[in-house]
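What follows is a group of structures, each given as structure tokens.
You will see subunit A twice below: alongside subunit B first, and alongside subunit C after that.
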Partner chain A sequence: MTDPLVIFDLLLALAIVALAVAALSVRDLFAMIVLFVIFGLLSALAWVRLSAPDVALAEAAIGTGVTGALLLKTLHHLRFVSGTLGQQAALGVTPVTPVPVGVTLANAAFCGLITLGLAVAFLGAPAAGPGFDALVAEAMPLSGVDHPVTGVLLNFRAYDTLMEVVVLLAAVIAVWQIERGLSDAPAPAMGEVWQGFGRLALPAIVVVGTYLLWVGAEAPGGAFQGGAVLAAVGLLLLLTRAYVPQPGHRGIARGAFVLGTAAFALVALLVAGGGRVAFEYPLEHAKTLILLIEGLVTISIAVTLAALFHGREPVALTKGGRDDA
Partner chain B sequence: MTPDLIYGLCGIAVFGIGLVGALCAQDRLRRVLALKLCSVGAGFLLVVGAWREPPAAPDPVPHALVITGIVVMVSATAVALALIRRLQTLEADDER
Partner chain C sequence: MLELFAAALIALGTAFFIAGTVGLLRFPDIYCRLHALTKADGLGLALIALGVALLAGSAGEVFRIALVWFFVAVASATCGHLIARYARQSAGVGDD
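Moving on, here comes the complex of A and B:
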């Protein structure tokens, strides 16, 4: 008797692979992005089946939601630049110099070999080798939180997470530099319904995002998932034009970008000393410190992701050129 | 058939598809998306490696690594997309 869940797993895995193929082979770029979003959500579902709800939340919110929004924004810009904004026609960008079919086929064969090698290695790997489970379980009482993934992210491997926040900061700096002086594609007209939807959805999103942050101490959730959900607030505000970035707001935005990194690094430096190393929180304050870092990092993540979506630094554009004052 | 076998092979397949797309796709947006598919495939393998037969709890360290990877990937994607927007604008200006 076959377990119905096995059938579900097989169908889900097939759907994920089929969606990946479809996303890369469909001609219309808009359809490609939509297929990718469905692919990402189904991957998140697969990760729930593999008992990784934290990863699934992060993938659904950041890997699929924010990435999908970034891709759609870029597609909008490309359509604006190429003058096909108002047209419903499919947009497939043709290469300047077509690659010979032989080269493409050789590349594909090469990729196929690599994939085959990976599959052989995976099937031949010893099943259930020793992991970090026992070590983490042993150290959990010292972490100050009850949820293992949060304990690993914010305590045992806090250096990684600090560097991750730095990468996010570097990304927003790079995007502002790349798009410096670039004229912006006009935002799509969203219509009346969007305004009402925004008003209804915004409070709910704020509550959900804050809840995800708070619950991270004892259950799946945390700074990154909560931050991504709160970034959706920024996206909605930008899209409904309820908030239009002004040049004068740059200082506040910059402050919000570095807030998480600065707080994180400051806590690491402050707890160091007195025989302790960086990130070795004193046990009685561990939960407070972790929640403090998480809260400030969440604000940074939300603002940074929204800024990555907006792209261009808000500067006043004048006719003669860029007015930076 | 256990979930780790099914989703492990699924992850390798997704990684392979992404690799083919990244090397063979002809337009930039699709290449960026193909790289994202590669990262999801790699995430699948890490999550599969962390999986333990229930009721045993999974290994939290790979989970934390994948979450870090997802955030790094969205940063890289944002920079790549900004480069694409800039490049496309420059090319359109050249044609005019």
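Moving on, here comes the complex of A and C:
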């Protein structure tokens, strides 16, 4: 008698592959985004089945929630630029200029190489080895936190996490540089029911995001998951037009973007200055330092993701018919 | 006994989800589909949440399940409204 969950797992795996194929082959951009979001949700479920709730939370919040919102916003912008905004039939936008075959081939080759590299890494890894479980469990008392994933991310492999925060910072810098010349698509008016929903959901999201950050020390959760959920606050504020970005707010936004990276790097430098290796936190302050870094990184992640959703740096002069009245 | 009752509630909830999905696939236009989906899924979600809450180990878990039910219900109702509103506006009906 096999475990009945094996059947569920097989169906889940099949559904994920089928959704990936469907998302790539469908010609309607909106359907493509919807399929991608469902693909992300099922991937999160797969991570739960693999006993990785931290990854599942990150996949659901960042890979599905925030990315889905970014893709929909991009579609809205594309339809504004192509002049098909507000036409129901024009949801499927075919590219105005066809993608050159060379670009397609280069993309395919690149993705193929990555897949090949992953396959080699997977086949080369010891099949049923002990992994790092024992090592991590042994070192946990030195980490300052109780949850192994947080211990690995913020202490043992803190350098990797710092680089992830830097990547996010680089992304928002690039967006603010590139989108300077583009005109904004007007935000859709969404009505009173949506406004009411925003008022109801906003405080709840703040609580959930902060809870995810706080609980990360002892259970699944942490800066990236909490930050992504808190970014939803920014999205709600932007979509309900309760907050309209002003040029004067750029300084605060820039400060929030670099806050996490700066605090992270500063702690590493100060620790290193005390005659230790960078990120070798003194044990008695480890929990405080980790919480400080996580808290500030969460603020940065939330503000950065919300800014990426807004897209463009708020500028003072109207360059392309922007009406922010 | 309690587990059996919970399983029955979850099965009934699943049946409502399936009914809603059949409605989504079979009904002719967007309003009929929304009608089928929002009603049936709302009831299905409530039944499943109730069933899972019966199996929950602690009061904290029951509270969290209740919160999940509340916010998913409110969010899906709002989504249904937004989709219908968008459909009306792009079809040129209504002027709000």
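FYI, the second predicted complex is superposed on the first by the 276 of 325 C-alpha atoms of A that agree within 3 Å, B and C clash if a C-alpha of one lies under 4 Å from a C-alpha of the other, contacts with A are read in each partner's own complex, and residues count from 1 in each chain.
What we mean here is this: a residue touches a chain if its C-beta (ideal position, glycine included) is under 8 Å from a C-beta of that chain, and two chains touch if they have at least 3 such contacts.
A quick note: this is a predicted structure, and the numbers were derived from the prediction, not measured.
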Have a look at subunit B and subunit C on subunit A after the superposition and call it: clash or fit. fit
Using the superposition on chain A described above, determine whether A:269 touches subunit B (first), subunit C (second), both, or neither. neither
Return first, second, both or neither, reflecting whether A:204 touches subunit B, subunit C, both chains, or no partner chain. second
First (subunit B), second (subunit C), both or neither: which does A:40 touch? first
After lining up the shared chain so the two structures overlap, which partner does A:242 touch, if you call subunit B first and subunit C second: first, second, both or neither? neither
In the overlay, answer first, second, both or neither for which of subunit B and subunit C A:194 touches. second
On the superposed three-chain arrangement, identify whether subunit B or subunit C touches more subunit A residues. B
Per-pair minimum CA distance [subunit C against subunit B, superposed on A] in Å: 20
Residue numbers of subunit B touching subunit A in their complex, please. 1, 3-4, 6-10, 12-21, 23-30, 32-34, 36-37, 40, 43-45, 47-54, 56-68, 70-79, 81-86, 88-89, 92
Using the touch definition up top, name the residues of subunit A that touch subunit C in the complex. 86-88, 190-191, 193-194, 197, 200-201, 204
Quick check: in the complex, which residue numbers of subunit C touch subunit A? 67, 71, 74-75, 78, 81-82, 85, 87, 89-91, 96
Residues of subunit A defined as touching subunit B within the complex: 5-6, 9-10, 13, 16-17, 20-21, 23-24, 29, 32-33, 36, 39-40, 43, 46-47, 49-52, 54-55, 58-59, 62-63, 66-67, 70-71, 73-75, 77-78, 81-82, 92-95, 98-99, 104, 107-108, 110-112, 114-115, 118-119, 122, 128, 131-133, 136-137, 148-149, 151-153, 157, 160-161, 164, 167-168, 170-172, 174-175, 178-179, 182-183, 222, 224, 301, 305, 308, 311
